[in-house]
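Presented sequentially are two complexes of subunit A, the first with subunit B as partner and the second with subunit C.
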Partner chain A sequence: MTALSLPALPPPLRTVLRAIVLALFAFAIFGPLLNLLLWAFAERWYFPNKLPLEFGLTFWYRVFQPRGNALASLGTSVWIAVLTVALSLAVAVPAGYALGRLKLPWRSAILLLFLLPQAVPNLPVYVNIAQVFYQIGLNGTILGVVLVHASHGLVLAVWIASAAFASVDVSLEEASRNLGASPWTCFRTVTLPLAAPGLIASAIFVFLESLDEFTGTYFVGVPDVTTLPLLMFNASMGGNYQIASITALLLLIPSIGFMLVVERFLKADVLAMVGR
Partner chain B sequence: MKSIATRDPIADRWVGLALLAPALAVILVFFVAPLAMSAVVAFRRKDGGLTLEHFAKSFDLYTTDLLFTLAIVLASTILIGLVAIAIAGYLTLGENPRAVAILRWLYRWPLFIPFVVAGQVMRTFLAKNGMLNHVLIGTGLIEPLSAQSLLDWRGIVIAFVWKQAPFVTLLLAGAMASIETQHIEAARNLGARRLRVLIDIILPQVRGTLLVGLVLSFVTMLSVLSVPLMINPNSPTMMTVDVAYRINTFGDYAVANALCLLSLILAAGGAWFYLHHAVEKVEHA
Partner chain C sequence: MTRSAQWLYGWLLLLPAAVLLALFTHYPAVATLWHSFRSTPRGSRASTFVGVDNYAQLVDDPIFWQSLTNNLWFAIGTIPLSITLALLMAVWVNGRIAGRGFLRLAYFTPTVLPMIAVANIWLFFYTPEYGLLEQITGAFGMPAHNWLGSKNSALAALMVVTVWKEAGFFMIFYLAALQQMSPQLAEAAAIEGASRAYFFRRVTLPLLMPTTLFVLVNAVINAFRLVDHVVVMTRGGPDNATELLLYYIYEIGFRFWDSAYAAALTMVLLLLLGVVALLQFWFLERKVHYQ
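On to the complex of A and B.
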């Protein structure tokens, strides 16, 4: 912004200004992450020392010990995320196909309904689901948490799947049908493979959302289901910044990895069809 | 678009509904029904009659927190908008290709970082002995004695902006990239400064995208529990913390749901703002 509003400056000064603004921005983005990294490897660190007094891996051993809470939570988190992806895609792929391919009455209204969980504060939903689940014994179960995650993940899954199916060229399907393929064979061998990159993208989105989800698990998962975000939260509130930072790093790896590759899965032709 | 499943539009309809049914059922049972339940529980007395007492109690205990929440979320939304416009604007109009490339690579790192991790990250970064203060002291910008913890409303706003601005920037930069470049070039040829081009020519064309991004962020931030719990759990705090407290400490679902409904009303305010401006845009067009 600064460089933008000062076009009258001489070129060398503009270069310096631009470098300063970029450096400040880089600090704003990476400073907090660097601080987390320091905490993850700090053995001892207290006020007023600028850097940890001692670096080490003691806390990493504690996190990764065979019977440690963290590995169990990681397992729980991944298992819940896998089940959530399976459930979401099982219902989102047919729905996405119908919305992306078939002429339906109320199509836009249905698409909007699927947007609801993104457009409405989720807290009331979690609070009441927790109360109902408590009465029917689903609170504190994996299934309960999966159902909550899936109802939220479905939004992205349906929207992306519908865009992915809409971007498949109809003439290819017609060719296969004219050559005598049954509707199911045509779907399985032509439509599905062509829509696959978009569907994989939606699967990754749902997986990440489930892996990172906090509020729903906080209400529905207690007291027996401890996912990685909950473990991180408990460690942080208990004042154990090393354990909290290491768990936070574990959660960061898939998030940042996905950020770096997202455009390979979500091609422009699919993105252009989102919400159409 | 011709359908493949069948060539008969009526049959198409039934096939479509059958394919949609499971997904619709999940949304209705696990999202719409609990939402409706919130409205019922918030107005129900113990004996089943209708009452406003839960709202009276909510306002009694939590009016400050309600205003605090609104102020924080509004301030964050405005800051997110300004940051996103600045970054997306430079990505679109920047004349130094290397600076544009660096900025494009930099800005999106927090994009998929979960709120709970953003909360933890900021909890250490913004603390009195956090890295921010050490850097400010080290560069001589502040005296060691004037170092203060930012873990109050400012910490929540910073965490929200840090986490949510990349999302809005991504949407906005995409929208700006699809504007016809002739308009921009024409204005530039006529001698308009880049800031003028951004405000007068580009922003009006991407207003819809900006509003969608900001309204989605506004609603999302209203529902975030982890960030206020980790950065500023003591009163005054955000309503999500109060809701969790009512439930975990008192099992008081009635007041919790009344508070939830109030946050829904705030969200509806955001939606109204969006629709109002979207309609205005259509009228102008």
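On to the complex of A and C.
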């Protein structure tokens, strides 16, 4: 079932064409990343040289030196992401259950209200939040950034959680209740484990969103809370391409790691329920 | 559990999430509407009610119109392309081909990268004279070109970045839907002698419509709400060629500190998104087959 099999062409030509398409794809996807790698290991590079004049690790030492702020930013980023996941899931799991399972009046209206933030551009919202936070002293605090990240991640989390709960077979719950399980036992031992892959996936999404979030942190966290994306932005704007590249690579590691995990946890049946 | 008890539990379960959302998303959005009818407070002058003055200012603002046009082109340039690519990639990766796992990983990579990192990566890639792209086009004998610095290619350059980032994300959803599809359908079609293209057009595509609707809504929204790449790569230049609506709002609000006018612009953006969303639902609802 490949859309790119071309029956009209003779086999050798087909293979060549396919190889060309594949190569173009590979270049389109990896070309920009290759450029990033070059910058990350370049000691000196300026026009008109096609490649860096010298390769080395000087900038890596600078990033990882104990007094460098990259490690501190990484710590801040991860800490904020962990808190964001905890807060989002704490409120998204009950909400997702209610939306995915219970027959509520105006369910679709509620779902719409929960989806609406996804449609609203974040920027003006952050601007208003920043003003409010400034008045109550939450600007530039970890808590402030976590609240902003959580309210953003929450939308995705509620979405996926409700899909995950909806995809759990009701008859299994009914069977456990028939055998005398209390509602709480039934939820804890049947529903929750069955929905767990979807919930873990949503936790991972929220974690990544928080780790990568830039705009909200920029408005609410500056100048006291410096996350990795902010550090990268500052380095890049300051013309410090090596530092920016290394920071980008650091950001790539958790993303790719989690992506591998997500593929395992996010089952097709849950994803197919999203948006229904 | 009686019905009313279930309702009560439902509402209680929803409450924490609703409060968080209302405080940090719904309220700020509504506050924007309120600000858009008032003047910007400056120094000793407090904000006053000015009716639709902010909106009147908007009509005569050439940069607003330019950013709106830019944004429409940006949407037209990115949405169909990224959805088509996503579908093609999903169908391709769904089949049995060598190195499938590697291909999937390759497609996911741009998606999981933060937009801010993506923007940086492409900034290097597009660098005039010694960026990788310039060197490769140069090797094929093409003339040097400043992709982000020239008026007629800057917006297209941003579109490429957006498609690069988004197609993989949409592919995940197409892939999930394809894997849900029963193989019996393909077998039945094959027995009836339907060609693969015919099967794709008449069976696969219609069955993918719910996914397409979901992906399309997301794509449209993203076309209007992404701003990180503009901030990093072009800052709206050259000569406003990449001034997207949201970036213009950012400039008005944070470079010129005219929060009231920024609020009015925001309302226009929200209205635009609302209309587009309604149109999509109205138009596509008839074409969507749920199961």
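What we mean here is this: the second predicted complex is superposed on the first by the 251 of 276 C-alpha atoms of A that agree within 3 Å, B and C clash if a C-alpha of one lies under 4 Å from a C-alpha of the other, contacts with A are read in each partner's own complex, and residues count from 1 in each chain.
By our rule, contacts are C-beta pairs under 8 Å (C-beta built on N, C-alpha and C of every residue); 3 or more make two chains touch, one makes a residue touch a chain.
No experiment lies behind these values; they were computed from the predicted model shown.
J.: Aligned on subunit A, subunit B and subunit C: do they clash or fit?
T.: They clash: once the shared chain is superposed, the two partners overlap in space.
J.: Once chain A of both complexes is superposed, is A:Ala248 in touch with subunit B (first), subunit C (second), both, or neither?
T.: both
J.: Please indicate which partner A:Ala203 is in contact with in the superposed arrangement: first for subunit B, second for subunit C, both, or neither.
T.: After superposing on A, A:Ala203 lies clear of both subunit B and subunit C.
J.: Mind working out whether A:Thr191 is in touch with subunit B, subunit C, both or neither, as first, second, both or neither?
T.: A:Thr191: touches subunit B, not subunit C.
J.: Is A:Glu174 touching the first partner subunit B, the second partner subunit C, both, or neither of them?
T.: Once the two structures are laid over each other on A, A:Glu174 reaches subunit B alone.
J.: Go through the superposed model and pick first if A:Val91 touches only subunit B, second if only subunit C, both, or neither.
T.: Both partners.
J.: In the overlaid three-chain picture, which partner chain does A:Phe233 touch, first (subunit B) or second (subunit C), both, or neither?
T.: It touches subunit B and subunit C both.
J.: Classify the contacts of A:Ile80 with the two partner chains as first (subunit B alone), second (subunit C alone), both, or neither.
T.: neither
J.: Does any part of subunit A touch subunit B in one structure and subunit C in the other, and if so which residues?
T.: Correct list for subunit A: 1, 3-5, 25-26, 28-36, 38-39, 46-50, 90-92, 94-95, 97-99, 102-105, 110, 113-114, 116-129, 132, 147-148, 150-151, 154, 158, 183, 208, 212-215, 229, 232-233, 236, 241, 244-245, 248, 251-252, 255-256, 258-259, 271.
J.: Using the touch definition from the top, list the residues of subunit A that touch subunit C in their complex.
T.: Those residues of subunit A that touch subunit C are 1-5, 25-26, 28-36, 38-39, 45-50, 90-92, 94-95, 97-99, 102-105, 110, 113-114, 116-129, 132, 147-148, 150-151, 154-155, 158, 183, 208, 211-215, 229, 232-233, 236, 241, 244-245, 248, 251-252, 255-256, 258-260, 263, 266, 268-272, 274-276.
J.: Please output the residues of subunit A touching subunit B within their complex, sorted ascending.
T.: That would be residues 1, 3-5, 7, 18, 22, 25-36, 38-39, 46-50, 90-92, 94-95, 97-99, 101-105, 110, 113-114, 116-132, 147-148, 150-152, 154, 158, 170, 173-174, 177, 183, 186-187, 191, 208, 212-215, 218-219, 229, 232-233, 236-237, 241, 244-245, 248, 251-252, 255-256, 258-259, 262, 271 of subunit A.
J.: Considering the complex alone, what residue numbers of subunit B touch subunit A?
T.: 1-6, 9, 12-13, 15-17, 19-20, 22-24, 26-27, 30-32, 34-35, 37-38, 41, 86, 89-90, 93-94, 96, 99, 102-103, 106-117, 119-125, 128-132, 134-135, 138, 144, 162, 174, 193-195, 198, 215-216, 219-220, 222-226, 229-230, 240, 243-244, 247, 253, 256-257, 260-261, 263-264, 267, 271
J.: What residues on subunit C touch subunit A, complex-wise?
T.: Against subunit A, the touching part of subunit C is residues 1, 3, 6-7, 9-11, 13-14, 16-18, 20-21, 23-29, 31-32, 88, 91-92, 94-95, 97, 104-110, 112-117, 120-125, 129-133, 135-136, 164, 172-173, 175-177, 179-180, 186, 196, 200, 210-211, 213-214, 218, 221, 224-225, 227-228, 232, 246, 249-250, 253-254, 259, 262-263, 266, 269-270, 273-274, 277, 290.
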